[in-house]
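Please read through the structure below; I'll follow up with questions.
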Amino acid sequence: MPTADRIRVAVAGASGYMGAELLRLLLVHPRVTLAGVTSERLAGEPLGRVYPHLRGLTELALHDLDAGWLADVADVVFLALPHMESQRAVPVLRGRGTKVVDLSADYRLHDPQDYVTWYKAPHIDAAGLAEAVYGLPELHRKAIAGASLVASPGCYAVGAVLAIAPLVKNGLARLDGIVIDGKSGVTGAGAQGRKVDPMYLYTEANENVQAYGLASHRHTPEIEQELSALAGSPVRVVGSNYCDVAVVADPRTGRAVCVSAIDNLGKGGSANGVQNLNILFGWNERTGLDAAPVYP
Amino acid sequence: MPTADRIRVAVAGASGYMGAELLRLLLVHPRVTLAGVTSERLAGEPLGRVYPHLRGLTELALHDLDAGWLADVADVVFLALPHMESQRAVPVLRGRGTKVVDLSADYRLHDPQDYVTWYKAPHIDAAGLAEAVYGLPELHRKAIAGASLVASPGCYAVGAVLAIAPLVKNGLARLDGIVIDGKSGVTGAGAQGRKVDPMYLYTEANENVQAYGLASHRHTPEIEQELSALAGSPVRVVGSNYCDVAVVADPRTGRAVCVSAIDNLGKGGSANGVQNLNILFGWNERTGLDAAPVYP
Amino acid sequence: MPTADRIRVAVAGASGYMGAELLRLLLVHPRVTLAGVTSERLAGEPLGRVYPHLRGLTELALHDLDAGWLADVADVVFLALPHMESQRAVPVLRGRGTKVVDLSADYRLHDPQDYVTWYKAPHIDAAGLAEAVYGLPELHRKAIAGASLVASPGCYAVGAVLAIAPLVKNGLARLDGIVIDGKSGVTGAGAQGRKVDPMYLYTEANENVQAYGLASHRHTPEIEQELSALAGSPVRVVGSNYCDVAVVADPRTGRAVCVSAIDNLGKGGSANGVQNLNILFGWNERTGLDAAPVYP
Amino acid sequence: MPTADRIRVAVAGASGYMGAELLRLLLVHPRVTLAGVTSERLAGEPLGRVYPHLRGLTELALHDLDAGWLADVADVVFLALPHMESQRAVPVLRGRGTKVVDLSADYRLHDPQDYVTWYKAPHIDAAGLAEAVYGLPELHRKAIAGASLVASPGCYAVGAVLAIAPLVKNGLARLDGIVIDGKSGVTGAGAQGRKVDPMYLYTEANENVQAYGLASHRHTPEIEQELSALAGSPVRVVGSNYCDVAVVADPRTGRAVCVSAIDNLGKGGSANGVQNLNILFGWNERTGLDAAPVYP
């Protein structure tokens, strides 16, 4: 129900699971009005037909991906787009004074050369990159509050950094001895646009574990960036309802085993994005996010 | 956050999945304060230790199952107890003027003899049985609003009655020709107290379908009761977000195939119970229930 | 290990789950040699690269679908093709004297008009249709033994007919009162060629039940054909390891509830096809099929 | 079908998943006759009633766990017992000249002090421990062939040692820098006697990943024992159908990532035990094990 004191938000890239989860959260957020949604693949379709579970919550239809139109209809735009696409939309939005929470990888790495190394393409918006704030509230809450462009972190990075940061910050870990083993559900593969690939078929993925991204996962550089920065800075991981962290010390081998668990579309993506929105506007960080987790 | 205009509610039987889902819903319901929770098995334990996902949402600890104490602390009591146990608590609660929403089977059948036939035990609270209203809002909304005791229906009954009622009401179905095939997830088996039985082990239940209750499922008599009543009455099924219904007519065989889908702990139990609460107090029926369904 | 007294078999359509299961069974069958495998989509690929679990069991590569070549290399050909494709290959194979076990729907219905009604296309091989034997050994064992073309039944038909046949045969069921509710795992959708459709993605299918084919499933006419024939004939369902059947009588309503369970790629497809092969050659019906079911 | 030239085998501990898988393999093994099965919990029950999937394959009933009786009926005994129980049975069996393949942890560690450290109890059969051969054929094939007591390895040890051994053997790994992350299905918890614990309920375990045994898993010492021995010895891991191994080198960090996958009841337990049996008797190692893996 739009009211004068609600912020207008839009979501670009609604056909992926990350965009869908954003819609689910924003449609019941008490301080915002969902004012626009885009999808290149499904433009023209009513949202309630694409997502039956949202029927009755919105009358919006999907619009073409058009950054100018997004700036017209919204005060803040969430980009749930594949990397490379976000950096095309951001300069237009920022030129219009529209705030952006980007869930892609495009603005997470401070050094444009790291982007080239890991994503195999040049970055076309160096100005945006220089301004972007890494959207992990537990490490960068103050910077997020004043940002115009927030780069929400990758799901593995959220889980890994929140678990390891306290050890690094307190000088308890050798940076060259860290080994990270991440496991994700299959929604991770369809976060931006549901990929229809045989390896994601139920019959192939069910009861299966598939190794991928060995020594090459693209969330690696942002984890290194954040942990390296921490090694010489005064921050500390704050516990949250959304990231359970446990640490076990093994005196026999001198190793610490850190275990963390997040919802990869929640704290690892859309809910973390909404938390960034709340910080951007000075609201209680939990606004619209305080539903208890589903159980069992 | 308790305030003067909030109703005090309690939940008896918090160790089962049905009670756990009630807690999840009631803890964020804007018109109620959770004032008491009982569990015979876990009495004394803080709720946040039993259910880590509720940590931070409540400081309550589990209390013994004591109907007098429940009447002291709450205006409305939800009973998520096994059948036979509810009928022991209800007379005490009603004697104290406390409203009751019972999620067990104890007050669903109007005829005490039906109870004996299907549950193999006499019913000890005939007075309560005579007063109870069958808590399916789509059929009995007005009666629920004035009730002191609401008997929330069984999950299969919700799915079956909502799907079939329009056909029966409009004389489109022969009552002796109805065949119902219901499928439930495993939480159904642990709705009241999580049963630890080998057949519910992951290794036994996973990727499996188990036939049970053939021609003898205890939700059968309440389905027959409601559909029989409908055959001569002026009600009508109202669509809701929570029960998707589809009907396919097969002219070749003269049969109609009705398909309905509910969350067996949601519209099939706890959420339906909260909807009854909202009706009891004249609130918007969707209060506390308007979160979009989880996807995917 | 090819030897003089082994029969040469080939499988057409190896990219689907049904073909894959056939290969798994035939490669360790003691009386046959796998002599050829075809796939239009993967022609040229070594079988061990397409199916890593078969590595070390065969050196064969996939060949184009070419009925003449199949007749050259094999004494018996299994067709695990989509319907419409089988009827193009069968006349060529039969013209060369090659025996055929067809796992598609093309030769299951005796009446060509039924084929038009349910499969929306004319049948182009009336001669083959007239000769084909319906490959359910429990009903047609003798006819299969002398057949040149065996039409292996659909998976739902196997489960339904084996469960209901004894009642029909003994006059215990009204043919117009039978209701069948079938449930299949997702491999059913990829039995002939793995379909890559969003509805079969893990993220969409997992923890889900999807209703389909209501009053229109294409296994319906073959079930009706077989049960109608039974109503006046002297056969009887023989118990097997592969189809568990249970029947519950409900005297209250005069209904019988029959439950049957099969592996939809096993007794519902490939293993049943191999059983037909064994009957064709007069071998023990269980040859190559006596591995105990997997548990748990 | 017992014949003069078949070896008589028995399985002690048939109520767990490991014992059940052994039965499935041994009942169709062409060189052995299953001559006895024990279960303390289910003694007296026919095997086909406990395991419906084995119905028709055996007439045996479960016997009490009685080492003397096992020595009477069998030439080789598989022990699928919990640790501590195996070491009570082994001395009796060895005293009678019966060969033993032990699937428990009791005889895996050469040093009795290691046993005390990791299993928190003294070892009561030092003589057996001194004679036992670690049953990983790829490392100890020759010793197994002449053994009277084979200690089949833990499932995590099989996966870890086969993946890492080639690097260690060739001096490519620093022994103090190895990090192992193992994941197991839930059958691992019920390998010896199906545990009925709430954490293994479908509703709790489904779609879940549970961290356990951090820095304390009891397969750790056997992995260390085997890799330490390798560092100075001339053996080499031989590829097999049952353990898929992949290695990725990361020049950026100087680390190697090894991934291996086994069936934890197969190569990680029962099938590896049968492979040891085949070696003990000089048969082809794959005898009774050459069924292709199930797919998909």
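A, B, C and D are the chain letters, set down in written order, and residue numbers restart from 1 in every chain.
Following the convention adopted for this analysis, contacts are C-beta pairs under 8 Å (C-beta built on N, C-alpha and C of every residue); 3 or more make two chains touch, one makes a residue touch a chain.
What you see is a predicted model, and the numbers here were worked out from it, not measured in a lab.
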item: Common touching chains of chain B and chain A; value: C, D
item: Label of the chain whose CA centroid is most distant from the centroid of chain D; value: B
item: Distance between the centres, which are taken as Cα means, of chain D and chain C, whole angstrom; value: 37
item: Centre-to-centre distance between chain D and chain B (centres being mean Cα positions), rounded to whole Å; value: 47
item: Chain B-chain C separation of Cα centroids, rounded to whole Å; value: 44
item: Shared-contact residues (touching 2 or more other chains) in chain C; value: 17, 185, 187, 203-204, 206-207, 296
item: Chain D - residues contacting chain C, complex; value: 17, 20-21, 23-24, 27-28, 51-57, 187, 206-207, 241, 244, 290-296
item: Contact set on chain C toward chain B in their complex; value: 176-177, 179, 181, 183, 185, 203-204, 207, 209, 211, 214-216, 246, 248-250, 252-253, 255, 257, 259, 261, 296
item: Complex contacts: residues of chain A adjacent to chain C; value: 17, 185-187, 190, 194, 196-198, 200-206
